[in-house]
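Consider the two complexes below, in which chain A is the common component and chain B and chain C are the respective partners.
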Partner chain A sequence: MIEYTAKIREIAERILRDGTVDAVLGFRRGSIPMMNEPCLVKDPAQVQTLVWDSNCGINLANYLIGRKDKIGVVAKGCDSRNIVTHIIENQITREQVYVIGVPCTGMIDKRKVSGSTGGEITEVLEEGTRVKIKGADFETTVDKADVLQDNCAICVHPNPVLHDERVAEPVPVPQDKDRYEDVRKVEALDPQAKWEYFEDLISGCIRCYACRNACPLCYCPTCFVDESKPQWVGKSIDPVDTRTFHLLRAYHCAGRCTDCGACERACPVGIKVRQFTKKLEKDCRELYNWEAGLTLDVRPPLDVYRPEDPGDFIK
Partner chain B sequence: MKNLLEHSGIEPGRLHFSWVSSAESTKFVKVVHEVCAAVKALGPARNFVKKMAEVA
Partner chain C sequence: MDGGKVMRIIRIEKDDWVTGLGRLSDSVRLCGPVKTGDFHHFKQLPKGVVPDLEYRNTRLSPKSLVYPQSEAMLEYTLDTRQPDHHIHKEIAKDFSPQALLGIRPCDAKAFLLVRRNFDTPQYKDTYWIRRYETTTFVGLACDRPCTTCFCTTAGSGPHGEEGCDVLLVRQEDGFLAKVLTPKGEALMETAKWQTEAESGAPATLESLKKDAEGKIVSHVQTEKLRQKETLELYEAPFWQDVAFSCINCGTCTYLCPTCWCFDIQDEVYGLQGMRMRNWDSCMYPLFTLHGSGHNPRPEKMQRVRQRFMHKLKYYVDRYENGIQCVGCGRCIQHCPVNIDIRKVCDLMNGFEPGACAT
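Right after this comes the complex of A and B.
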């Protein structure tokens, strides 16, 4: 995907110069390998800082909330779905955003790359479907497919659903992916085993809220965890408080989550936080035949009442 | 809501939803009896119980 960089720069420069947008939101190279960081370019002369490769996993839709200017944004499939969600939820208007669509072939999971080598990594280079990892005293090449983020490995919407311009032709959409294998595995457990599965899953949680901060859906001015009057959830790392946080965070994403993986990517202790949202995502698909952020024309299922809504759980 | 809570390990039968109008007193009684019976059958909750710090 490195070849997209030139095209992104070209588009960014053009739309900044002709005044289509006031700023362009994209990525620049981070200070360490595999950590590209979001960057806002306002000056056409500075578009050279923009880059694109497989380390752009951060969801840029997160930075559009409440902007008043016209803004160009580089968006992968999942970012574009979150932009749609923002527009539906009135966080930004369609006219305000100029979407530079990026057909995505998946993002690299830095933990998987680090795990595949021994020492400190100084450079990670992409060569087509291969990834070259360099360190002080080693050099190895792995298949990109082996180091993809979990959510990218099962992605079925790699192409932007909404775009004003696209940097390349759409990539092939993977067919018959089994998106919910892990969810079904948990569903098959008995209640106590399920409880223990999640207890184990979140046992490392330090309540840093990085998952919330990275999530484009979490834009409330005051998050429920930060409220003190009333205090909805305890602020300690008591397992019950931690679980309450994770459950409520997930519920707030119900019918909105695009499985972009920003939460999991941001987690400093590597908790698979998507296990919570994925169950809701699966339910939304099964109960309402709904996938978030695919269209601007339909209200989300939790937003509207329909007579045929499933109600079997109500006695 | 019920689905994820039960997915995360709350026993089916511990969480109930119902819609009872203020005019449906008999339904209310029926629902309360049902909920009580279902929860009693499960016994005391073992999960999601926060232990308060013990002070001397």
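Right after this comes the complex of A and C.
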């Protein structure tokens, strides 16, 4: 990761100095273990603040919406797919972004790491594929593979799909990932059990909207839950309203979600929000052979009608 | 001490703790930390369930037990065939006595800060006050504070007593309990926890307190906040950088024990209506959206600035009693993008207009 950091700084400094971009969007070291903070560097003398490690799970494509300047952005596989989606959805132009591609080896799930020890974690160090976890009175080492974010553990697009420069050679792409084991389990449930599964899933929701706000797809000027004239959804923690929020949010992401995991990462109460979006992702794959954000050349299936679109639902 | 009462220190053995809780549960709703999933919640305890006092702190603060996230207040009917149509009626609520068992001193202190808003000579929030007054706060001193705790420089401490009616301090075989108020006395009597501690107890408690305070590794500087010019701070150049990463979720405000803002909503179904209030968050654009469509805080930088200015400047000036923060560290631990109030507080406290900001 040290090599990645050095390369990111080198590229950032160069493209800031030569005027290729006005600013570079990346990460700076966080103030607590396993957290880095998205930041914007405009001054070439400040590029030393940029870092890269396995705690850069926030999707930086989220910070590109509405920008007018020319911007360099550090992007791992999923971020790059969301940049593609942004371009397709006219949120930013290709010419505006300079993508510093990061071949990604997966992001650490800080809750998994915290859960693997009893005490408070004061330091986490990456050593290749191993992660050393330190606390006041303990020290342990685990395989990074065991503490990856759930979405990273099944990722099949770790390399940037779009880049102007890459900080390293592509990482090997896993070939035999079963992305939908959990979705199939839910699909196999009877309606009542399915209902209960999702009710239980969102029972802890505090309607803080961290999942929505961390998501690069959620850029509506006014979200449907914030509309007051008319008001579509109640604002209390009534289960009907909470359910409505989660279902509508997920459906709004159909055919667009890249499974970057930003939503789950942001949720303060640990709700597995991806259980909603993954089902839609699977459907899009099965119905339209579609994965979001892989190409600038094809319109997403829910944008266009094609004669070969499945029509089984019309009887 | 209230009414000149001499503070008592009581020893509670492990078995007596459980027996006493049984006695209390006949007349008081007991609430305490319960582990659900990966973390603890402060919840009403079903009969026979003992609070899990091995916890560090709850993910959400216990404020919801006095100030629920959603609270129904009034109901009405627009059906003119009903004799009481178009009349707002109180919705019956449970204000019976409750005890918060094992609340952390920072969270107990937070209720005093919130009280400055909900219980003033001019305005009385009846719902909050009634629940607050019928609640007994049984604190649990921290012996393992987190590295994100900065209570000692935020007006509290791991053994802080403010806001507690009783403060429990863990011992090998139970607790030493400092009884701090008449409300606390009453609870101890009901539970029949009456064994006076040995004469060395005050010294033991003092030394444990010192130990715990020594374990606090995070500190904030607040002493210059009051003397700062409000407008100069407001226009300080660091806000854009502080706010850049913010995604404007409400996590910090919803987890915070001292955030008190709410929104009033009417929910109407057919001719039946209900007026309720829900927690709101200054992080949301909707929070300040006027009926006219104008929004005085349309940019996220303005909203982030508002949160910190409220906690660390406006409140400080208004109440002259420190910052509106007790240093629990929840917002630091759970902000999805690592905005750290300790850093912002130090930026504000150290800000000199005219000096180079970066």
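Simple rule for what comes next: the second predicted complex is superposed on the first by the 313 of 315 C-alpha atoms of A that agree within 3 Å, B and C clash if a C-alpha of one lies under 4 Å from a C-alpha of the other, contacts with A are read in each partner's own complex, and residues count from 1 in each chain.
Here is the rule we go by: a contact is a pair of C-beta atoms (placed from the backbone, for glycine too) under 8 Å apart; a residue touches a chain by one contact, two chains touch by 3 or more.
Bear in mind the structure is a predicted one, so any value in this text is a computation, not a measurement.
S.K.: Putting chain B and chain C onto chain A via the overlay, clash or fit?
M.R.: By the criteria stated at the top, chain C and chain B fit after superposition, with no clash.
S.K.: Using the touch definition from the top, say if A:G234 reaches chain B (first), chain C (second), both or neither.
M.R.: both
S.K.: A:E187 contacts which: chain B (first), chain C (second), both, neither?
M.R.: Touch status of A:E187: first partner only.
S.K.: Go through the superposed model and pick first if A:F198 touches only chain B, second if only chain C, both, or neither.
M.R.: first
S.K.: Looking at A:R243 after the superposition, I want to know if it touches chain B, chain C, both of them or none. Which is it: first, second, both, neither?
M.R.: first
S.K.: Please indicate which partner A:K279 is in contact with in the superposed arrangement: first for chain B, second for chain C, both, or neither.
M.R.: A:K279: touches chain B, not chain C.
S.K.: Tell me which partner A:I314 touches in the superposition: chain B (first), chain C (second), both or neither.
M.R.: Once the two structures are laid over each other on A, A:I314 reaches chain B alone.
S.K.: A:Y251 in the overlay: touching chain B, chain C, both, or neither? Say first, second, both or neither.
M.R.: Only chain B is touched by A:Y251; chain C is not.
S.K.: Looking at chain A, does chain C or chain B touch more of its residues?
M.R.: So, of the two partners, C touches more residues of chain A.
S.K.: Quick check for you: in the superposed arrangement, does A:Y209 touch first (chain B), second (chain C), both or neither?
M.R.: second
S.K.: Minimum CA distance, chain B versus chain C, superposed model, integer angstrom?
M.R.: Between chain B and chain C, the minimum C-alpha distance equals 5 Å.
S.K.: List the residues of chain A that touch chain B in one complex and chain C in the other.
M.R.: 234, 238.
S.K.: Taking the touch rule as given, give the residues of chain A at its contact with chain B in the complex, in rising order.
M.R.: 183, 186-187, 191-199, 234, 238, 240-241, 243, 247, 250-251, 254, 276, 279-280, 283, 313-315
S.K.: For chain B, which residues count as touching chain A in their complex?
M.R.: Interface residues on chain B, with respect to chain A: 1-12, 16-19, 31, 34, 47-51.
S.K.: Under the touch definition given earlier, write down the residues of chain C that touch chain A in their complex.
M.R.: Those residues of chain C that touch chain A are 36-39, 56, 59-60, 69-70, 144, 146-148, 241, 244-245, 247-251, 254-255, 263, 265, 267, 276, 278, 281, 284-286, 289, 332-334, 336-340, 342-343.
S.K.: Under the definition above, what is the set of chain A residues touching chain C in their complex?
M.R.: Residue positions touching the partner: 30-32, 35-40, 58, 62-63, 111, 115, 119-120, 122, 204, 206-210, 212-214, 226, 228, 234-238, 265-266, 268-270.
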